[in-house]
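Common to both upcoming complexes is subunit A, partnered first by subunit B, then by subunit C.
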Partner chain A sequence: MTRIYDASADATTRADGGSLLQVRDLRVEFSSSSGRVHAVNGVSFDVQAHELLGIVGESGCGKSVTSLAILRLLPKPAGRITGGTVTFDGTDLLHLGDEAMRDLRGRQVAMIFQDPMTSLNPVTTIGEQLVEVVQAHTKLRRKAAEQRAIETLELVGLPNAKARLKNFPHQFSGGMRQRVMIAMALIMGPKLLIADEPTTALDVTIQAQILDLIRRVAQETGAAVMLITHDLGVVAGMTQRIQVMYAGHIVETATTDELFAHPRHPYTVGLLRSIPRLDEGGSRELLPIEGLPPDLTRLPAGCPFAPRCAWAIERCLTENPPLGLPGSAEPATGVALGTHLAACWNPATDDEARAGVPANGHISAVEAAGRERAAAAATALGVEP
Partner chain B sequence: MLKFIVRRLLLLIPILLGLSLLMVVFLHMLPGDPCGAILGEHSTPANIARCQHGLGLDKPLYQQYLDYMAGVIHGDFGVSATNKVSVTTSFLTRFPATIELTVAAMFLAIGIGIPLGVAAAKRQYSLFDNFATVASLIGISIPIFFLGLLLQYVFGVWLHWLPTAGRYDLGTFSYDHAGTNFLLWESLVINRNPAEFLDVVRHLILPAVALGTIPLAVVARITRSAVLEVLSEDYVRTARAKGLTSKRIDDRHVLRNAMLPISTVIGLQTGLLLGGAVLTEQIFSWGGVGNWLFQAAVDKDFAVIQSGALILASIFVVVNLIVDVGYAYLNPRIRYQ
Partner chain C sequence: MSDEVDVKGRGSSTSPSFPATGPGPLPASGAAAASEAPLLSVRDLRMWFPITSGIILERHVGDVRAVDGVSFDILRGETLGLVGESGCGKSTTGRAILRLYRPTGGSVIFDGVEMTRLEDQSLRRMRRRMQMIFQDPYASLDPRMTVGGIVGEPLAIHGIGSNRERRERVAELLDVVGLNPNFLNRYPHEFSGGQRQRIGVARALAVNPELIVADEPVSALDVSIQAQIINLLEKLQDEFHLTYLFIAHDLSVVRHVSDWIAVMYLGGIVELVRSRELYERPLHPYSVALLSAVPIPDPVVESRRRRIILTGDVPSPADPPSGCRFHTRCWLRSQLGSPDRCVAERPGLRALDGSHQVACHFAEDVDGSAEQVQVTGHPAGLRRTTES
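Take a look at the complex of A and B:
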């Protein structure tokens, strides 16, 4: 925890940071028929070498878009990076030449996608799909590239690897296909592995195996892992740090233990309350988070979570809180990586987090405003509220 | 795979049986018969009766059909009522002309249509894409007889660049009718005469353009939509994330998958063209099967129409079979049982 975290993009970060990946104030927009979609709205974070970082949030919160933006793989021409910097190993990725960027993909930073069925080319053999990665980045001959493919498949635990090079994706089970995807990502020994919902499309029984595999191979190859998921349960046992994203913002970040023990942001509290836990007895009720994520074409002025938040106060409706020390109104600068930060004007206490609701019958500002409007309407109509 | 092919070929039997029945019924529902065409408008009823007896047209319909089918089973497709040449002989001399024309037209359609469709897809909604869309819509909608006449007028009559009729210059060259009748092959490989080959190619250009325009437009449209669909597939994103070069992504991942629907369309179009391009062959006096069948229809030449339809139906089925087999090769998820 000696690294320095700095939310602003200044020259000093690089000097004392030295993180493998530094993302600063990243902004991504999509143009759509219903207007501009603000998918990522100023996201800053670091990934250190050999670290396992979890990024958690509902679908549409910008976690996948962030990872695609890092590799400049946003769908063109709809997706656009509108601001911020991405620095990998000292290289500015957003201004890197196309050819250098191509060579970096797959070699230095590799990705695993959600659905191994649709993410593998159905009409070429998996051997071909592995070999072509090696050939895109080295001058190795085919035989040597094939040897490397076999070794990598053995690393990810694919039985009978040599014979299976000739097989097509549809000849594998879902779990085996994801192993092939992982082998494809690891074949060049990348420094950073971005796993975007790697287990979501798999059977529950296979999920744990694949997560174990990712953790094991990351350890063996020394790759850092950015594990993106909507499931806090997935990251719980795996990562050192977790970042929670909502509506294109990072709303809370802490070490994994800290986040589970002392969630501060009401959204994190909601996420934790909506997954079953065996360690708290059978009496604990599962509480879903009411409502839907905001329309990213028209973000509200205040905190994007306020409309769904039981803790909301007046200020939440007008001012978006910065990511800072819980309870502080200032954005955090120069704090150690792993420091617990939350973007909230009225963070939950430990007791509230355990209960899943605010203490002392707090009425959320949104609900209060709604009641006020109802009362005003009733008065205007001359009926008793 | 072999079992699949055999089964598909066996399927030809009911198809041909049904087709031959339909042809006989339809042909005899039409007014007139070959004798009217042979003897002309000044024929007497006695003449016509004698002619009908000679051709066996006075027998009951079922008897005519059975006689005809008995011949077909023995490989005898009958004799033309008008020129007394066997249908098989006529077909074999004319089919090479149709094959040459079809191959040239499809060569244009594939060689231009696929690159055009790919280029349009990669620049979706650009000026180029819109231009290509409009051009292919025009290509699909323009009637062949109009396009053919337009080409003849502009490049033949007006500019004097290209010949407008026939397969070769009758005044300069002659061909052995016992040969293969593949004139491109004959002129270049057998006769080894470059001037002759050039002459044949020049004669081929306008009809090939006229015939190839619709398939070209269809292939371009289907390529554009197939490539657009594949471009948004997850595995293309994977290929980019792997750091492959864009050429490799296009060739190995995009085109290889887009070829599945494209190949189906190419096969169907080829099958259709092989059936004889009646309009194109008529306009350009091209001695192919389309021209031949058209004349047979005018003359009510029953044997030619019936047998021609059977042979063309068989060819269509075989071409489609070849497409299906090729499809299995392109798409490993399909293995025919």
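Take a look at the complex of A and C:
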């Protein structure tokens, strides 16, 4: 049977009070017409104060759902947190009353979404929307709230902020709208900023502006940032620590430098070898990750990446590896934040990671099993395999 | 297709066969133009969309100059990457070349035939030789048609083969693009994004085209799937000797697949150069900024880089700036003390160092080497705050 990795309370980090956000064994399910979608399957991690943490993964890996679950913003009634705990600054968020949760959102933890056009209200001015945030959290009068809106817009580099309070979202360009979104997130001075693909909808020169801005405001306000993205390039220059997610699991985590220098999980290796790099040009062959991400309604027994993995061994098909020290079969407990952990039974070596393929032309267990099946079928039909 | 492969020894490009400067008629492929006629030759292409005012009596009050004087050549079997930010006119260029729009001006010569003047039957016959791959694999496939119907439709339109032959050809095409030929009777919703894009590629290949315009073919796909499609396109180019116009906003992808790259800004090409050279020595201030903005997935490299962060947004193509269209955001111009020439005169593409073409009056002042970029980098350039 499937052994789902069960993280104990202090699974991945040292148990000290230094973490701003502690997520332990978080599980989220969605009900859909095709069955239960296991979107997040036991995710544990910490975010420290003032830290820039990157969460990397492709669509459907659970990175956005994790952040929505933390803020209890999952679409109801389809989405449901089925297990785990989320502690922010000592407060248990999953058992907080609705009123207190509403007050915490925006004031303590704020979120920037991918698409600023659909996240802003198109029929009210941005001044109105910013003042609404301030007045929802404070007893400030309108004038004072407006003043605060102007200051925040100036912080995010919106020229002529005072006059632009009267503008509607459609009167801004994409980059400027994203600045407004960031201002809205920052206006209450949150301790944690969750940025969910904040630059995906933007052009590359505008992306550089916005990333520069996020980096700067994080430094100036001291907010921790959880940067969620599919783009390894974006996290490489921005973050101190990275978590790679696949099929609702964290499959690898390390400091940014360590992760890029010594990727251990075959999925991370695959991601790095499948994207063209501007500084390497056409000389390097791209090695795509074959196949497709698993159907989250029917997660495979064993490692969810095994069906696409060239490193897969037999154990991968039956047993899901815990997030532990690479090469160790034990879940890591009580290790320091930033320790390199991977959820893999057969992690890549440095040489293999550079080559992008396992040494010795290793045939993955999945392929071997497939060949066996084909041979068996051929024998049953009485033909030569 | 890699830029390491110097196709038929071209590219040294010391040929003096260039016409003088001026916006436009420079052959893209340098010396090659003298020896071999390009498959596609675009000259001073303009595509303006009228802006009208009034409900009953529509008055023509202006134009959105989406494409305004674009010229390039593509040699048979090569790939030209057209790169730029949204709204720069790169997709419109692709569509105007295929005559999905009727260009406002300029000429598009495909294998010696002037495309802009073709009508009806002759246009249809030419279109058989050029096909398109679209960005969105969800919107570009009819959800009510089977895969067999979709891939076979170009054959039906051009009246190629009998029903049975078409079915066989479709099965063969599915196999070529890496799909199971038995999927013939399935519908698009049964496929993933990457598989749908393969269907789109199979449809484009159906009529054995010579030129394929690929408009952001991988940008809607997940990163792990992008490489599958890029490798497929490269394999097909080798196998069928295809010529690609590869339109994309992602410079890393464009550099990977292209032999030549044309960088577009606000309706015009600002730099046209061999793919490898663009990264090593960009000569237009916009290209320099664009390259510096592309994140590289390597923290060590990133920590050494300097970003030139362009201020402001791209101006509206309905009211483009006078002179050089980039002058409102140009870091080089402000370094040079804002010379008037940039406002007064629109620079045309001119050749520097043989085949390297650039549309900037002061391109000689851009030493696009990495050191120069470091020096000229915005003071708020990339600073990392890691503890290491």
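Following the convention adopted for this analysis, the second predicted complex is superposed on the first by the 366 of 385 C-alpha atoms of A that agree within 3 Å, B and C clash if a C-alpha of one lies under 4 Å from a C-alpha of the other, contacts with A are read in each partner's own complex, and residues count from 1 in each chain.
In the analysis below, a contact is a pair of C-beta atoms (placed from the backbone, for glycine too) under 8 Å apart; a residue touches a chain by one contact, two chains touch by 3 or more.
This structure is a prediction, so every number in the text was calculated from the model and none was measured.
K.L.:
Taking subunit A as the common reference for superposition, should the pair subunit B and subunit C be classed as clashing or as fitting?
P.N.:
Subunit B/subunit C on subunit A - fit side by side.
K.L.:
Please determine whether it is subunit B or subunit C that touches the greater number of subunit A residues.
P.N.:
C
K.L.:
Touch check for A:212: first (subunit B), second (subunit C), both, or neither?
P.N.:
second
K.L.:
According to the stated criteria, A:232 is in contact with first (subunit B), second (subunit C), both, or neither; which is it?
P.N.:
The second partner, subunit C, only.
K.L.:
Name the contact category of A:133: first (subunit B only), second (subunit C only), both, or neither.
P.N.:
first
K.L.:
One more residue to check, A:173. First (subunit B), second (subunit C), both or neither?
P.N.:
second
K.L.:
Quick one: is A:103 in contact with subunit B, with subunit C, with both, or with neither? Answer first, second, both or neither.
P.N.:
In the superposition, A:103 touches subunit B alone.
K.L.:
Of the partners subunit B and subunit C, which touch A:115 in the superposed model: first, second, both, neither?
P.N.:
Once the two structures are laid over each other on A, A:115 reaches subunit B alone.
K.L.:
Tell me which partner A:255 touches in the superposition: subunit B (first), subunit C (second), both or neither.
P.N.:
In the superposed model, A:255 contacts subunit C only, not subunit B.
K.L.:
Give one of first, second, both or neither to describe whether A:71 is in contact with subunit B, with subunit C, with both, or with none.
P.N.:
Only subunit B; A:71 stays clear of subunit C.
K.L.:
Closest Cα approach between subunit B and subunit C after superposing, in Å?
P.N.:
Taking the overlay as described at the top, subunit B lies 7 Å from subunit C at its nearest C-alpha.
K.L.:
Which stretch or stretches of subunit A touch subunit C in the complex?
P.N.:
By the definition above, subunit A touches subunit C via 52, 58-59, 173, 175-176, 203-209, 211-212, 215-216, 219, 230-234, 236-237, 240, 255-257, 260-261, 270-272, 274-279, 281-283, 286-290, 292-293.
K.L.:
Along subunit C, where are the residues that touch subunit A in the complex?
P.N.:
1-4, 85-86, 192, 194, 222-228, 230-231, 249-253, 255-258, 275-276, 279, 289-303, 305, 307, 309-311, 313-314, 380, 382-388
K.L.:
Which stretch or stretches of subunit B touch subunit A in the complex?
P.N.:
232-235, 237-245, 248, 252-253, 256-257, 260, 330-333
K.L.:
Which part of subunit A faces subunit B closely enough to touch in the complex?
P.N.:
71, 73, 75, 102-107, 110-111, 113, 115, 118-124, 128, 132-133, 136-137, 168, 170, 181, 184
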